[in-house]
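Shared between the two complexes below is chain A, which pairs with chain B and chain C, respectively.
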Partner chain A sequence: MKYIDEYRDGALARSIAATIAREASPDRHYKFMEFCGGHTHAISRYGIEDLLPSNVEMVHGPGCPVCVLPIGRIDDAIRLAMRSEVTLCTYADLMRVPASGGASLMKAKAAGADIRMIYSPMDAVLIAEAESARQVVFFAIGFETTTPSTALAIGLARRKQLSNFSVFCNHVLTPPAIRAILDTANLPEVERVLVDGFVGPAHVSTVIGTTPYVALAAEFEKPVVVAGFEPLDVVQAILMLVRQVNQGRSDVENQYIRAVAPEGNLIAQAEIAEIFELREMFEWRGLGELPMSALRLREAHAQFDAERRFDVVPVPAADNPACECGDVLRGLKKPADCKLFGTVCSPETPMGSCMVSPEGACAAHWTYGRFRDRAKASIVQAAA
Partner chain B sequence: MCLAIPIRVEALLPDQMARVTLGGVSKVVSVALLDDVRPGDYVLLHVGYALTRLDPVEAERTLAMMREAAVPALRAMEEAAA
Partner chain C sequence: MNAPRLRARKLDIRGGLVDLSHGAGGRASAQLIDEIFREAFDNPFLNQGNDQAAFDVAAGRMVMSTDGYVIWPLFFPGGDIGSLAVHGTINDVAMAGAKPLHLAASYIIEEGFPLVDLQRIAVSMGRAASEAGVAIITGDTKVVERGKADGVFISTTGIGIVPPGIELSGDRARRGDCVILSGSIGDHVVAVMSKRSNLGFETELLSDSAALHGLVADMVRAAGPSLRLLRDPTRGGLAATLNEIAQQSRCGFLIEESKIPVRPEVVAACELLGLDPLNVANEGKLVAVADPSAADALLAAMRSHPLGREAAVIGEVTADDHRFVQMTTSFGGGRIVDWLAGEQLPRIC
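So, the complex of A and B:
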């Protein structure tokens, strides 16, 4: 398929990786964070870690919306879905995310709640139009990539004058999350994630462009290379980061020039601004409460806001205490460091959110990475 | 979640919609987030909405830069072989 196959050329990837090995200084360690779950998935699936020299390390970031959604918001969605008049429309990724007390949307559906998996927010609007006796709530999550679609769906519901459509909004923003990773001055030393640079978001950047990262790169003196999600994109971005570190630069560079303009998609930004405004505070799994890091519906669109329509009152909820998702999301721990990983926690019966979505760090490591760990362990054993 | 796939625009439809194809599968999606889309353009599709147009010139330039990035390693291998 055009624009996919040519960026999956294994021989070319190995040659670029060999160039990385030549240019990476043997005297130092390079630690880069891939912000996006899409990159995490590509790195695991295509074995990119195996191509890199041992002193170039990748750590997973918090860019997986299913993973960073705090458990309390899933509880809220289940409570909404259990109301007899409500039809909850959701992306399939959210169905198996563990909520409080062993609940999930999947189990709520099995118990009789009207929960439907949809492909597009447009589908939720069409369901509301077709079933006027139902209160249709769209469970909106995602970073800036997904937000314009929700905004357009709300605009469509307004034009169709639907009084039975609303959105439970959980849209979050990328730059405040990058800031939370980098701004470690007030944290104890063991909780600081020291990275040398970022592989920056692919599709988020098609919407917001590359300029929002400029201030972050300059303030924290860390290079950012916006990269596509195909394996060659990721390998090339890592080479660009190694070169920046070697040259002492901390610039924002764009590897994904075929899709990302510096200013982003101005139409999409205008649609977002029309419908949404910043929340003063929003809780992220792993990162805690972050100011100005998420969106809610503006007062002018209050009639489409499920939180207002159904008086959603937040109830604090704690994660499973043994689950290390929080530290995995901040890059402090790797999936295999969690004692639940691969024992009681697997994609079939996830204990934490990182094991649910295919782009979650634990799910990616379960599906692809753990076999490499085993191969490495047997080599070490054989050598001993 | 941020998954988006490159698809080809076949025909423009009313209400800022378009018919697109990918690997023989045809679908109607929204192109409301883009201006000036034409049949034959490749766009990135995400949850039923085209997010951005793919630039064929920049795509070719990216591949050229990738091939260039491979050159030092290939040259070293040739030298080692010689």
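So, the complex of A and C:
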């Protein structure tokens, strides 16, 4: 398929991998974080790990929107969906995310809640238009990638003068999450994530551009290479990071030039700014409360805000204490380091969100990569 | 003086709707069965008019299989729920290496369903059965209140007879056996999804829905007892099929992504919908596991059948305590091919 096959070319991948192996200094270890779940998925699905030399290591970052959503927000969504007048529209990824007390949207739907899986927020607007007796709530999640389409849906609902459409907004921002990973000066040493650079966001950067990473790269002296989600993009970005590290540079480079402009998509940014404003504080799973890291609807659009319409009052909710999603999301641990991984936690019975979304580090490792644990285990056994 | 003879008016197929009386067992039921089903399925067994069909069987091993069909939409490029209900059950019988003999069909119809659509489904079902040479010899019709079903649900049961010396079973894969796929994967789901109104993409692609017993007969002839097992990768796709066999046979698989035929349209639609072609249903494909010494003969037989032209060896059976299905990606790395967690796409068969 045109524009797909070119970026999945195995021969080219092996040649870049050979260059990485040649240029990576044998005297040091390179540890890079791929920020996005899309990268995590590509690395696992195409087996990129197998192409890299042993001293180039990838750790997974927090860029999986389903994964970083705190359990309390899922609880809120379930409470909304259980209201008899509400039809909750959601992306399918969220259906099986574990909420408090073993609940999930999937279970709420089975218990009678009117929950519908949609592909686009526009579908939720059309449902609201067709079913005027229902209060249609769109469960909006995602980074800057999905925010513009939520903004457009709200704009459409306004033009259609719909009084039965609202958005439960959970949109979050990428740069504050990168800062939270890097800004570890106040953390005890064991909690610091030591990475040598970032494979920077793909689709997010099509919206916000590359400029927002410049200050972060300079302040924390870490190179960032914005890269696409195809496997060849990732491999090329890793080579670019190795070169920056070797040359002692901490620049923001753009591998994804076919889609990302330095200034991003100004029209999308304007749509976002028209509808949304910053929240002072928002909780992230794994990263905790981060200031100025999420969006809510502006006062002018309050009528479309489900939190205001239904008086959503946050109820604190704790993760399963044994679940290590938090450390996995920060790159402190790898999926197989979690005691629950593959024992009680699997995609069929997820204990944490990282095992649910296809972009989640645990689900990606379980679905595509867990055969490597066996190889590692047998090496360990042989050494013992 | 003669009593006046009741002359019922024929069903108004063009404008009529199924109502509850059509399932009540009275004259209306009899008329529906006569004018739609008996007309479409026409065969001497059905025409006996009894509550059961009677037939003689040869001595030997028989197989039986049953399946329910709830696909939506009912009509899709390359087929409809009627033809699918024939092909699907014939294939389940054929995967034992059997020659399918007869089918039974049961309809659950929602009140208000247009008679014209019901007839279209029945005619298509009758045509699929007659093309396959397998008659629908008994059946049942029920009508439920509006909202208690969605249009039409069909359940079919098939029986078949296994040739002597053939014993195919999911627990017979052995290390070193070859794995053969009969053709491209994913066509059915992409054709069906293209007709779902909220997805908004168009394709020329047709469902691969087809009866595979002719292909199976050629394969059985070519490979004989070297053929270990057959399975059709329907719900859950190739990934689920290989994982099922791995569990049953206590083995693993190593397959090669570049050997698996997938049409460009399917790759494109799966990209768009976030699906993996390995996980989506097929309705006219089969996976064969066979002794490698029979691979060439098997491939030649398959490729000379219209439903096996693109047949390819895609990998081999491995010894694996973990029962992993592993794949070498066309990119050069390794990955697991896992069962799908949760429901990827509802009601595709």
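In this text, the second predicted complex is superposed on the first by the 374 of 384 C-alpha atoms of A that agree within 3 Å, B and C clash if a C-alpha of one lies under 4 Å from a C-alpha of the other, contacts with A are read in each partner's own complex, and residues count from 1 in each chain.
Just so it is clear, contacts are C-beta pairs under 8 Å (C-beta built on N, C-alpha and C of every residue); 3 or more make two chains touch, one makes a residue touch a chain.
Values in this document were obtained by computation on a predicted structure and should not be read as measured data.
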item	value
Chain B versus chain C as contact partner of A:P175, first or second or both or neither	neither
First, second, both or neither for A:D123, with chain B first and chain C second	both
Touched partner set for A:R370, first chain B, second chain C, both or neither	second
Which of chain B and chain C A:P231 touches, first, second, both or neither	second
Chain B versus chain C as contact partner of A:M1, first or second or both or neither	both
Touching partner for A:S44 - first (chain B), second (chain C), both, neither	second
Chain B versus chain C as contact partner of A:V260, first or second or both or neither	first
Partner chain in contact with A:G342 - chain B first, chain C second, else both or neither	neither
Residue contacts on chain A - larger count, chain B or chain C	B
First (chain B), second (chain C), both or neither touched by A:P53	neither
Residues of chain A at both interfaces, chain B in one complex, chain C in the other	1, 4, 17, 119, 123
Touch list for chain A against partner chain B, complex	1-4, 6-7, 12, 15-19, 21-23, 36-38, 63-66, 91, 93, 119-123, 141-143, 145-146, 148-149, 152, 201-204, 206-207, 229, 232-233, 236, 239, 255-261, 265, 267-268, 271, 357, 359
Sites on chain B touched by chain A in the complex	1-6, 8, 22-23, 30, 32-35, 42, 44, 46-49, 51-52, 54-56, 58-59, 61-63, 65-67, 69-74, 76-77
Chain A residues within the chain C interface of the complex	1, 4, 8, 10, 13-14, 17, 44-51, 95-96, 106, 118-119, 123, 231, 346-348, 358, 363, 366-372, 374
Interface residues, chain C side, partner chain A - complex	198-199, 258, 264, 267-268, 271, 273-274, 322, 324, 326, 328-336, 338, 341-342
